[in-house]
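Input: one structure, supplied below.
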Amino acid sequence: MDAGILHPDRLFPADPATRTLARDLYKSVETLPIVSPHGHTDPRWWGENPAFSDPAALFVTPDHYVTRMMISQGVSFEALGIGADREKDPRKIWQTFADHYYLFAGTPSRIWVDDALARLFGVTQRLGPDTANDIYDAIAERLPNPDNSPRALYDRFGIEVIATTDSALDDLAWHAAARDSDWTGRVVPTYRPDAVIDPDTPNFAQNLERLTEVSGCDTSTYAGYLDAHRARRAAFIAMGATATDHGHPTPLTADLPQSDANALYNRVRIGKMVAGDAELFRAQMLTEMARMSLDDGLVMQLHAGSMRNHAAQVRQDYGPDRGFDIPIPVSFPVALQPLLNAVGMDPRLTLILFTLDETTYARELAPLAGVWPCLRLGPPWWFHDSFEGMRRFRETAMETAGIYNTVGFNDDTRALCSIPARHDVARRVDSGWLAEMIVTHRLDENEAFDIAKLLAHDLAIKAYRL
Amino acid sequence: MDAGILHPDRLFPADPATRTLARDLYKSVETLPIVSPHGHTDPRWWGENPAFSDPAALFVTPDHYVTRMMISQGVSFEALGIGADREKDPRKIWQTFADHYYLFAGTPSRIWVDDALARLFGVTQRLGPDTANDIYDAIAERLPNPDNSPRALYDRFGIEVIATTDSALDDLAWHAAARDSDWTGRVVPTYRPDAVIDPDTPNFAQNLERLTEVSGCDTSTYAGYLDAHRARRAAFIAMGATATDHGHPTPLTADLPQSDANALYNRVRIGKMVAGDAELFRAQMLTEMARMSLDDGLVMQLHAGSMRNHAAQVRQDYGPDRGFDIPIPVSFPVALQPLLNAVGMDPRLTLILFTLDETTYARELAPLAGVWPCLRLGPPWWFHDSFEGMRRFRETAMETAGIYNTVGFNDDTRALCSIPARHDVARRVDSGWLAEMIVTHRLDENEAFDIAKLLAHDLAIKAYRL
Amino acid sequence: MDAGILHPDRLFPADPATRTLARDLYKSVETLPIVSPHGHTDPRWWGENPAFSDPAALFVTPDHYVTRMMISQGVSFEALGIGADREKDPRKIWQTFADHYYLFAGTPSRIWVDDALARLFGVTQRLGPDTANDIYDAIAERLPNPDNSPRALYDRFGIEVIATTDSALDDLAWHAAARDSDWTGRVVPTYRPDAVIDPDTPNFAQNLERLTEVSGCDTSTYAGYLDAHRARRAAFIAMGATATDHGHPTPLTADLPQSDANALYNRVRIGKMVAGDAELFRAQMLTEMARMSLDDGLVMQLHAGSMRNHAAQVRQDYGPDRGFDIPIPVSFPVALQPLLNAVGMDPRLTLILFTLDETTYARELAPLAGVWPCLRLGPPWWFHDSFEGMRRFRETAMETAGIYNTVGFNDDTRALCSIPARHDVARRVDSGWLAEMIVTHRLDENEAFDIAKLLAHDLAIKAYRL
């Protein structure tokens, strides 16, 4: 499937002997099924299997990795199809993308887009001002084709299982539709309760009311509120969920005495919080979620360290998820201690940690995962799901954490077409890293091949209990 | 020009194929004109064009990169020509430098000194105890030569434009002299208002009085004080300035309501500050400077994160800028938000960020520059303007920031002879990095050549509006 | 001595030309005597020279690097021979270790264990479930052999001098026994006064009473307490000590007015502390220790940044040093300033800094050590005494600190058999780094060979005044 813009040796080490090994390692995992235990594809795709409308809607407008880079160089949101006065013609949006495609030189976005264009649409030229129209036509012509529908892509991509990320308030109707269809793909939801856990969420009070409705539990007391979570988790499990996910500004946890927790919840519920209450409630709820995981077996994921919606005006005019989410320093050891001291030695718990602050890899996360039985390290996330980012993770975390305390790769994307490209990049980078481990005699060759398979497939299955 | 101590392949990657590419990339940019948009050369050099006095005054005494390393190993300031009881014989100072030159093994200082000695003075031996005298003579003999005067060096170095850094209170007389001379070199000032913005500056009150005098504006009110800045910025622009520069302990910004800002200024002006006022005033003034840039077009530079004059006794006995300036942790996202929310989406603003805390490259600066239209990343600064420092910048910031959100290289030096060496190191490191990008198929070869030219020349011209 | 599991080129760079140089550099230092100026071997071994009891007691149970990785994957402390209900059969413990040895793939522990098994016990197979028994037998059979006694190992390892780490309250009887024996090995104690300096130490009050007894000084006043330290330091010096060591949560220092220090000590002594007193007292004592070093010449070591005993239940059930010590962010410039301003320019002081927060290498420690005459950088410590960790130290600290402001290698271990392996790893990594410095023309070849010897031997002798 490699076309002119995709070199078969891309992302492999420069040294010839190391490259040869990397190639062999990669070949051994290249076509393994894709396990996607954490991502943001639209459940509707799986439930309804609609055709994608146009190239801009597929590759440009919804992908904040792509739009942010153009915004950073003065392109307007409107030109990218965003906002009240947005450009409506997808061909014009596509031309704007093509005109600015040079900005992506050296970025992971280009690798993903190039790969998807070549792999799915047979494109053999680099996107640019002059090729924009031809490539637009090549995509647009094939989009209505049934083998480009979401479910067809799932099958073409060789996906074994894919998880979506779903609000605790979601009725999971699209998941039910997918399950009840004759399609054999495996799509599982993930319990993401931020909207009913984070008191700083807009419309938090309404969300609690809605939680009462969907759970059938009385959320006017803390005990009832926790029961509502239990009920929703059970509903998610019934639909195939194996994990929860928590996106918190910081990794702070707490384990309050019950009376304090009750009182805190009451303040949070009626919106009469004092300073620190929102943070403390989020912290307390992480420990509660961990306790529930002991009982129901859901694997817990914690994504910490993003300052969301950095530009107030952009948030207001164009909404969230527009690329203005900026990492901030975080620190885990003190923050996680209450949760860990409560339940961290319990063999039933798996807690997967993700960071946007790479300084924590070697300093904190690897030492923590290298000793606490419940902890596992998630792969490089967001700004770090790239060639250099993945290498840094291997180089800084593996010696102390140990390979077996990691969980393989997450594509973590809402950009469906990029899923095989993202897994391919991870497999290439890991093959290169393992080749260097062999050449420097830190791993035996046969071990490295076994580990390549673990990293590409098995660790994700095991860690996420899939 | 390469002599025995300068290998033509220095700083290129070890892998032979990659090295060949690096060599070709380097050759394509080796002789491009030098753009020096940020530095600390003495304006008198350009206005008066004096001969340099002696080798020690040229290479040792004023260069805190050089003196600090000897101080760290027990050499006295006096032996380096600093302090009341200082050694006065430049040959003895030079001998001390030569005796300790082994300390610079593996440091950027040695690369710069070796290069300057070879390039300017034809030195072919490594400096050391035994070669000290001969090399001293070789330099001293040529210093009076007109082709070693500052303006002649400017021409010999192939400088296209050089910026100095100048106090807001400076009369720019040397700049006027350079402009009014028959010399065709382009020297522009940079508006550096720290002395009238930072209330912690010694003699701050006197500085404000002096600001009143030089601006002709009444600085007894905040409005008048801001007008004084506008007047001085206009004077700098008239002399060719295209940029401001701000050296702050932290990157904190503020955007206070006008009455609060007025009251804060009044406390600052009369020296009746409460805790936090100095920091808050610096923060507020960054936003005010950004607002002025919308009107007058000056590009804004922010250098944050140095704890100055770490040794109190050294500060007292030998003055500032003696190598005792130590980086401290900084964080940008929260700190910059007030300024960015005030003016950060305005297409007229360019704000170039510099850090001494490399953890911010991947975590904060690249994500910020990769989305805010006003932001650009300055090159590695100070302790990081080195082989390894430059590589880390490329490896950690480029994937997320994008190459086009950077501004090329700054030599940032008061050591005139080191300017070509510093640009040469940057061009070599970038050529090596680009060669690796080609070999790992992350860039096409033709792209890499285009980008080499951008990094060496064009981006600086564009970002600094030169 | 290289057996099947130890490749002679292990840890050398992949590039063939660089590898050749690395091999030559390594050969030039491979058999240099081992200088071990900081470590945790048991003084009894040197004083009494007992035989080791069994393979599990030698390699598994006491090595928290080894036990932590198994704990992280659900092995119980008991199975590793720890705790009230512990497994007592060393062969079973060894089998558990062997069954989980795959977990150590890519970790420094495996390199150390493989090396020790091959070097000391002639093992030629990788440890695993199937080889466990044979290897157990191979070790157990040789342990009673006199050439595997501690003193014999010292001689076989080519150790020139080894330092232990000893409580200020220790009577140093084992050191006296070693000195008074006919054995010629050189074992020196290190003054580690944490137990009588850190008010958060369990039994701190009893420790002070004990300090009174062993020192003969009245510790009821601050002056007497300081005298007690002076007396104990003198006793350590009499037994060969050349250094102190301080393990503090943070690098905070203080230099209080005498009356404040007196009052603080009184609160600390009687256990009537207010918030911050414990931290402040530790901080004050670092400066007092530095002052004493001016007089008695002991080199000072500061190890900061570990949050000890992260798991409360593990601490309670299994004691300290079980692998649950997690690094936390630290920052040195502000913290060290009081001590440095008090005594930092005094040529009599050497203060060696160790960090577990690698972000401080380039940002803080290298700039500090590159200018303050008293400061030296300790080698990568604990989680960072590994291939990648050592490389990062060289790449991030050397350009700014300068090689001569470092102190060579510390094995820092209580695992006697791993000492040659650890020094071997350091020599290999440094040889590889120096080879790359040659190939990229940042060092001349002859310089690199000189520096290899400095790093492997001479710098430690000099910095520790051995």
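In this document, chain identifiers A, B and C correspond to the written order of the chains, with residue numbering beginning at 1 in each.
Throughout what follows, contacts are C-beta pairs under 8 Å (C-beta built on N, C-alpha and C of every residue); 3 or more make two chains touch, one makes a residue touch a chain.
It should be emphasised that the depicted structure is a prediction, and the values quoted were computed from it without experimental measurement.
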- Task: If you connect every pair of chains that touch, what shape comes out? Choose line, ring, star, complete or other.
- Result: complete
- Message: For the two copies subunit A and subunit C, what rotation in degrees overlays their C-alpha atoms? Round to the nearest 5.
- Response: 120
- Would you mind working out whether subunit B and subunit C touch using mostly the same residue numbers, over half shared, or mostly different ones? different
- Distance from the CA centroid of subunit B to that of subunit C, rounded to the nearest Å? 40
- Query: So which stretches of subunit C touch two or more other chains?
  - Reply: 13, 15, 329, 359
- Query: Where on subunit C does subunit A make contact in their complex?
  - Reply: 7, 9-16, 68-69, 71-74, 102-108, 111, 126, 307, 310-314, 323-329, 356-359, 383-384, 386-389, 392
- Item | Residues of subunit A defined as touching subunit C within the complex | 13, 15, 17-18, 329, 331, 333-334, 337, 340-341, 344-345, 347, 359, 362-364, 366-373, 375, 395-396, 398-400, 402-405, 436-437, 439-444, 447, 451
